[in-house]
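Report on one structure; see the data block that follows.
To keep things simple, chains are lettered A, B, C, D and E as they appear, and every chain counts its residues starting from 1.
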Amino acid sequence: MVRKFLIFILIASFSVIFINLYQNFKGQDKLNDLSTYYAENEPQELGAQNLVTSIVVTYRGFDTLGEVTILFLAASIIGFFLKIKESDKQKKRDLRKTSEILETASKILVPLIFLLGVYVFANGHLTPGGGFQGGAIMASGMVLLLLANPEKNVKHSLFSGIESISGFTYVILGLLGIYFAYGFLDNRVLPLGQFGNIFSAGLIPLIYTFIGLKVGSELTNIVGNLKETQKETE
Amino acid sequence: MVAPIYIITIPLGIAFLIGVLGKSNKNIGGMFMLIALACMSFVSAQWFISFMTSTQSPVYIYTAGFKPPFSINLLMGLNEAFFTLIINIATLLGAIYLYNNLKKQGTNAMSVFLGFAMALNVMVMTRDIFNLYVFLEIASVATAGLIILEQGLKSTSAGFKYMIATGIISSILLIGIIFAYNYSGTLNIDGLIEANIGILKGGAIAIFLILIAIVLELKPFPANGWALDVYQGADSGIGAMISAASASASLYVLYKLFAIAGESWYPVIAVLGIITFIASNLFGLKQTNSKRLLGYSSIGQIGLLITVLGLSPYLGDKFEFIAVTLLISHYLAKAILFWISGIVKAENIKNWSNLRKKPLLVALFGTAVFLLLGFPPFPSFFGKWELVMQLANSGQFAWMTAILVGSFFEGIYLFRWFGYTLKLDNKELPEYKMKLNKIIPPAIFGVAAYILGYYSGTFVDAAKGLDYIPLLFIAFIALINFLPAWVKNSISLTGVILYIAVIFPEFDGDLLRQIFAAIFLGGAVLALFAGFYSKGKRSGFHVVTLAMFAGLAMLLKADNLLEIFYAWELMTIGSYFLLIRGKKSMPHGYSYMMFSLGGSYALIFGFALAFVSFGNLDLQSLSGITIYPTLAYSLMLLGFMTKTASFGLHIWLPGAHGEAVVDIHFMASAILLKAGVFGIILVLLGMGTEASYAKYILYTLGWIGAISALIGNIAASFQESAKRLLAWSSIGQLGYIVFGLALMSHLGWMAGIFYTATHFLYKGVLFLTIGGIALKLGTPYMYRMGGLIKKMPFSFIAVLIAIITLSGIPPLVGFAGKWLFYNAIISQGLYFQGIVVLFSGIVAFLYLFRLIYSVFLGQLKDEHRNVKELPLCLLIPIYILIIAIMIISARPDFILKPIGNYLLAYFPSGALNWNGTMASTGLGYWDGYWVMIIVGVMFTLLFGWLLILNSKSKKVKQFNMVYAGEKPFRPETTHMSYNMFSGYNKALGFFMMPGVTGFWNWMSDILHDTANYFRRIYSGNGQSYAIHIIAYIIIIYLIVF
Amino acid sequence: MDNIAIKLLFTLLGLFIVLNWGLIQAGIMNKIVARVGKRIGMPVYQPYFNLIKLYSKRTSITHGVMFYLGPLFRLSGGVGMFLFMPLIFGSEYWSNFSFAGDVVLILYFQFFGMLGMALGAGEGGHPYSAIGVSRGLSQWTTIELPLTLAIISIAIQYHSLSFTDIVAAQQGGITHWTMWTNPLATAAGMLAFLGTMGHSPFDLVKAPNEIPIGPPTEYHSTFLGVLRTNAAILHVVESVLFMNLFFGGATSWFELILKTFLIYFWSVFVGVVFPRFRIEQSVSWFLKVPLILGILAIIFI
Amino acid sequence: MEYISLITGFIMLMIGLWGILSQKNIIKIIIGFTIFDTAINIIIISIGYISGRTAPILDKAVPVKDAVTKIVDPIPQALVLTSIVISLGVTALMLAYALKLHKYKNTLEINKFKDLKW
Amino acid sequence: MAIEEQNKKNKFIDPDLEKREILSPDGEIIKIDPMKDYFCDAKPKVHEPANKVIEKFLNWSRANSLWVLAFGTGCGSIEIPSLMTSRFDANRFGVQMRPTPRQSSVFIISGYLAVKTLKRVIRSYEQMQEPRYVVALGSCTVNGGMYYDSYNTINRLDYYIPVDVYVAGCMPRPEAMLAGFNKLKERIKAGRAEGANEYAEKFDWYKANQKKIIKDWNMPDYNW
């Protein structure tokens, strides 16, 4: 109890920082110079309809590379961290039988979900969405599959392969920017195309596709690992 | 040149790519990983070299082809090149080291390792603050993954604590970043610097949050429990990476972000750093787990570096040099230590004696320890020196003190550890293998430490005059360590003699240095000659011996304070290794090192004050120190007195010397102690007598000398071990010398210097003979010896002459010293100290008689019936010294006259007058030549008479003596030696109460208890660590704002 | 060279006188002690008998070289002290070889004989010898202390360490003696003298019935004779040392004999009256009264 | 609007912190972390918000010419995406840790994992 | 084997005089034979008196300097201290007590002599330097006195060591002792007190006698 009280005091005094921050915070009424520049020049420079996407993939593409790396590292770490013996993998767990509704629904929904995922990352430069979101949607489809068929194992080698190849391609695409455009991760390797068109904004859709694949497979791998590790015997 | 962007893309691409390889092709994956890391190192190296050698200007890398602030840019300048280089080399070697572990976990782990390396590089190079956050997170996640490379409960719980801590820290950073963006409208670091948001309250808070987060990444005390657990729980290869690579990157990040923060943050950071430095080194004192101890040390060192960063305004243009040398030392040493700890696989530091099974590891360990503590010839030596000098220059004495105190704490546990490693029993410890991939990385770093040590010396002006030839020679001897002892001995002897031929002419006209050179280098020749007695390899002996003598020679050659300090520390290293070679000398070697370390910190403090007063480092700057002169001179004297083992600082000597074998004992006692005398002479010459403070210092010094003499001699009388007896006697003799010097008069100095020379002669004889006998008989205890006169007549004669000289009995030369003392004391008016000194001179008879009687006279023990005379290689040096004694005894004016003339330059009044061979002062007179003749003639005549009278004497055997009508039982029970001066002990035994030892033990206990009490905040609960972090932020916040 | 030869002759003559005076003095002292005990006591010439007897013993044994040389060292110590000691003030021939050194030389030359004796006794292999030596040395360290203080006090007083100067400064009547001009130093010195003579209460070194006469336990026949010869010389020379330091020296043989007799008598007198100290008692005692007197002597000079 | 969301963010942050610091169960601590991260995301978003404006997508609703006056700051939105992904990765890793820790000691009490201390 | 052991059992064994082996610091085994290694192994020699005139002078001094070994062997030793008191004052005859046989010339056997004491007496006597004299007190030393049939005392001292003067009585008074000393002085001056030489001449005879009565002869034959 004393401990909790002390923690309470601690957090209360921590709020002093936030109170100070809040008091000194003023909402913006116009865009700052940086975002103004993006708002004004992005359509000509990059040609992506979604400003956020253009920032994410190109202007701050290096961050995104980092993001991807983080997910990749997390997946890799979980991969070897939760690795279990092959013999354990084949073991059956004593699980409740999946409900029929779920089984049936998954058969219908999973393709749709995949389609949605593809749509989301393919249209990342036009509409809200992008590789991460799309990838997550696809991974959720996989989760649904796993829920419906809990006995099945994720095929890690397949997903790792997809993940690796997409990651590698992403880096290669980035490097292309050095040689064929103005810098690492520059999307203007390909022609910018028609603003608002699906094949526009240079490399962005391509990059987002690979990111989507990569994120989807990574998340699937993670979920699969988390699931399988339950089988591990002491 | 390869563009810097490839430092990032190559590892990233390969990290992604090797995922494809899957489980089957682990070796290929490993190759790819190593190639990637090698490429990264190559790229950084090429940039670094081009920055160093040409006027290459920094290169910006613009991602996406836009200029900042619109896109993220990276910078490759000299700093970045340096940091990425050290990070990449560390990760490359770390990967080699961890190769098997990584392979076991598959390509995934290799990808993580590459990601880790890449993230650190970006952290260094990026100029975008949000990008920094992202890659910091990558580094954290990768670290969290690497921690569990060796899976187990410990590593997993440590990793989880790490994740909690870094989770909170990075969130704080993110809040800071986003508010910084809010106020500045940019995420570019250069933009932020320009925006100067610190003037706004909110902006200041944002900066605070950013900085505190980076500081927290650097594990400040007390919010660093998680880091310690990580160091302890993770594989030591990972520990090396975190300590060497991550810390370097984080430090650079802090340095980079400092520009945003502005000057007002310097003191805050410095305070945080120094608290960490002192506290974690203090807490390390009670630690017994090796990896956790390394963790404490790592954190402490990083604390020091943070302090240096915070103190950069005071360091001027030396800042970079200091920071780089200290960083590189920490980097090399910690990597080596962690790597070694992974090889030896001993959790408890007491089990590290296992290291001795592989001498290379011991050498590396020693290198790392001395590297960490700033001993020459390593870069940290120059770094610490410049740090102290610059701080003193800016008047920051409190900072100086704090840094030195923290370093001292570090020395305490490192040397304890090192002592355990060198001395504890290792028979029952498990065998282990030294795999090639595990030994190459630390070996490379070990070599690098020496090379960089030389290299960093070239950046220091004062170190330009350093003579590296002896060091090269030592390195050569180290390389041929595998040869038998006599070969190395011959080579070393040749080397020393050649060096004498080179160096001796340099001292032409400087009698003082000539005398000391004769003692140091002549002693070296004799000691090495005596070394021929030893059989086998004597691994490492010649290296450390020569290091000590090189230090001594450099001490004489030194032209400025830095060179003195360099030589002093070099000698300390050598002598430490020599002293710790004895059988049971672990605690003594340890306390020797502690006093030496404390002493050298006192010295450097004093030197700094001298430097500040004078503005340069010449030897002249020792005279007329104007800033805290009393303190400066006292500290310098204190520092030098740790070597002369004066009262209060003497407790290391009896044990250390008592355990040393014959030639080491000779070197340590007869030669090494004189280095302290030389130092005191230098200081006193500088101080002079005029200044008002000089009187008090000299008065105190005089009493210290007198009490040392008394305590040393009385204690010597109560020793049972012959070697300890001689050791205490050395304390007493050095007490005379110190007292003589403290008189600060012509006669006093003559006595002091004369004593220095003669002490070398007669003590040399005693150490070599008694040491040789103790070695031969296998025991130093006098009550186990006895009756050896019949077996070792030559040794007996040598010892007899030596003790007659030592006790100052005419006609031998020891009397000259006593006579000078009388005259000096009376003419100088220091009666009471003088009386104490003279009294102790008389007390010397007690132990001298005991020595010669118990060893040579009395009853011969059964087991020594077949003992032979000492080997020639000992007898020849002994008799060389004896001949020297006899020559000086016959014509003391040969040596006294030049000393007197030399000292006239310093003490023009009150000289000793010479009339032929007759010396006279205002008080008395003495003619050593005539005394010798008179006594000699008389003795011969009486001897003849006695021969005539006693011609009929019948020689009898051992037990043919009066024994109250009985026969003696056995030699053991008939030899009266144990507790010989029991009556004296009853009367004056209270002098032997271990008061000084008790005082130091008390100090040490207090220190350790404090450490033990406060380190309990590291409760092991990850949540508590989170609370520490939050509380830390709040407290710093409340203090700053 | 002629000078040296004459000096040598005078020195030998002096040695002869001193030896005889030492023997006779010992006899007289024995007589006095006996009379104190209401005995008739040994004849005055008994020391001569003893000496002749010892030299005329038919056998002797030796334990080794150092045992053999021990008495020689001892005698050299005594004779050496005699040689470096000026006997008669103002006489060049009776000042022996005192040009070679001053008070300090004498002070340290005392140890020459002691050390040799101790070593010889040590080689005898008898534990009692070693015990005796250890006692003797222990006691000697503290005896030296007040003596040193007294000498330093005198040296400060007369600004000299030379005997000639010290004695010269005391000439001109009894009031010029150090005894009157520096009574504290004299007191300290004379207390130390008790110890140097080795009479009771400071005779535990030779404690005859406990450790059969201590260091010389194994010495006999000629060896003991040499030691006795030395004792005779040494007692006189020690008395002369104190006479020169504190009691104005001597200008004639008569004065020397009178003064040395009185000085020696002081130790015998104390010895007859007081019982024996244990060694730690005597060590402590010397570090109390005489030491304090010595310190006062330096402070109040 | 941005003030409200900012305050909400701060309060959520405090709640998350409470969860991290006071809950003994590791899963609850991880939940605390997710709340904590979400709170930060809210804060980031509210920083970039400009009242009365719309999302930075230059479709028909926001013509390119009027973009400057019609859209909110896109940068925080881009940042928040990164931040979300990072916290996702971290959370996944933490969960994996929790699983492993549970395996070792069959408990999720954080104060049971005190093997390393002092 | 059994016989040997039996013999060993019956024989008195002095462990200090047994042969033994000792390990030296070098690891070498050293054989020690205490009798040989610790003690001399030479018979005493006869020392002829010097030239008559000189010997007369020397004897005169010897007679006047009688140093007595203070070794109380029997009940008579209680008389010796009173000898030195002011009433009797043996000092005036040049008689002094010495604590060590090395320096003494007169050995007073003060009364009955147990066999055990005899061993010590022989040792001490042999350690005295020549010329040496023996004064035997009381009837016990003459013929055993009241202990003539004791199992453990000797009857006649001069079977074992040469005696110069017997002082009869049981016990003799100090006056008698003084008379004995004067008698001894006369003998010495007359050059008749050559007990040491007599002992050397008839050494074998003395030794045989000694060994006869001392059953546990656990000491060297010659004690110098």
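What to note about this one:
Definition applied: a residue touches a chain if its C-beta (ideal position, glycine included) is under 8 Å from a C-beta of that chain, and two chains touch if they have at least 3 such contacts.
Predicted, not measured: the structure shown is a model, and the values here were computed from it.
Least step count on the touch graph, chain D to chain E: 2. Counting only chains that touch, the fewest steps needed to get from chain A to chain C is 2. Chain centre most remote from that of chain B: E (centre = mean of CA atoms). The most central chain, judged by the distance from its Cα centroid to the centroid of all protein Cα atoms shown, is B.
Farthest from chain D in terms of Cα centroid separation is E. Inter-chain contacts peak for the pair B-C. Remark: chain B and chain D have CA centroids separated by 50 Å (rounded to whole angstrom). With centres defined as mean CA coordinates, chain E is found 69 Å away from chain B. Per-chain Cα centroids separate chain A from chain B by 54 Å.
Among the residues of chain E, those touching two or more other chains are numbered 100, 102, 224. Residues of chain A in contact with at least two other chains: 7, 10-11, 14, 21, 25, 32, 34, 38, 59-60, 63, 66-67, 70, 73-74, 77, 81. Shown for chain B are the residues that touch two or more other chains, namely 130, 134, 137, 141, 144-145, 148, 151, 175, 179, 182, 954, 956, 958-962, 1027, 1030.
By the contact rule set out at the top, the touching chain pairs are A-B, A-D, B-C, B-D, B-E, C-E.
Every residue of chain B that touches chain D in the complex is listed here, in rising order: 130, 134, 137, 141, 144-145, 148, 151, 153-154, 156-160, 163-164, 167-168, 171, 174-175, 178-179, 181-182, 187, 228-229, 232-233, 286-287, 292, 1015-1016, 1018-1023, 1026-1027, 1030. Listing the residues of chain B that touch chain C in their complex gives 787, 789-790, 793, 796, 800, 803-804, 807-810, 815, 818-819, 822-823, 825-826, 831-832, 834-835, 838-839, 842-843, 845-846, 849-850, 852-853, 856-859, 918, 922-927, 930-931, 934-935, 938-939, 942-943, 946, 949-950, 952-956, 958-963, 974-977, 980-984, 986-988. The touching residues of chain B, counted against chain A in their complex, run 3, 5, 9, 12-13, 15-20, 22, 61-66, 69-72, 105-106, 108-109, 111-112, 115, 118-119, 122, 128, 130-131, 134-135, 137-138, 141-142, 144-145, 148, 151, 175, 179, 182, 185-186, 200-202, 205-206, 209, 1027, 1030-1031, 1033-1034, 1037-1038, 1041. Within the complex formed with chain E, the chain C residues making contact are 34, 37-43, 46, 48-50, 52-53, 56-61, 208-209, 212-213, 216-221, 224. Residue ranges on chain D touching chain B, taken from their complex, read 17, 20-21, 24, 26, 29, 33, 36-37, 40, 43-44, 47, 75-76, 79, 82-83, 86, 89-90, 93-94, 97-98, 100-101, 104-105, 110-111, 113-118.
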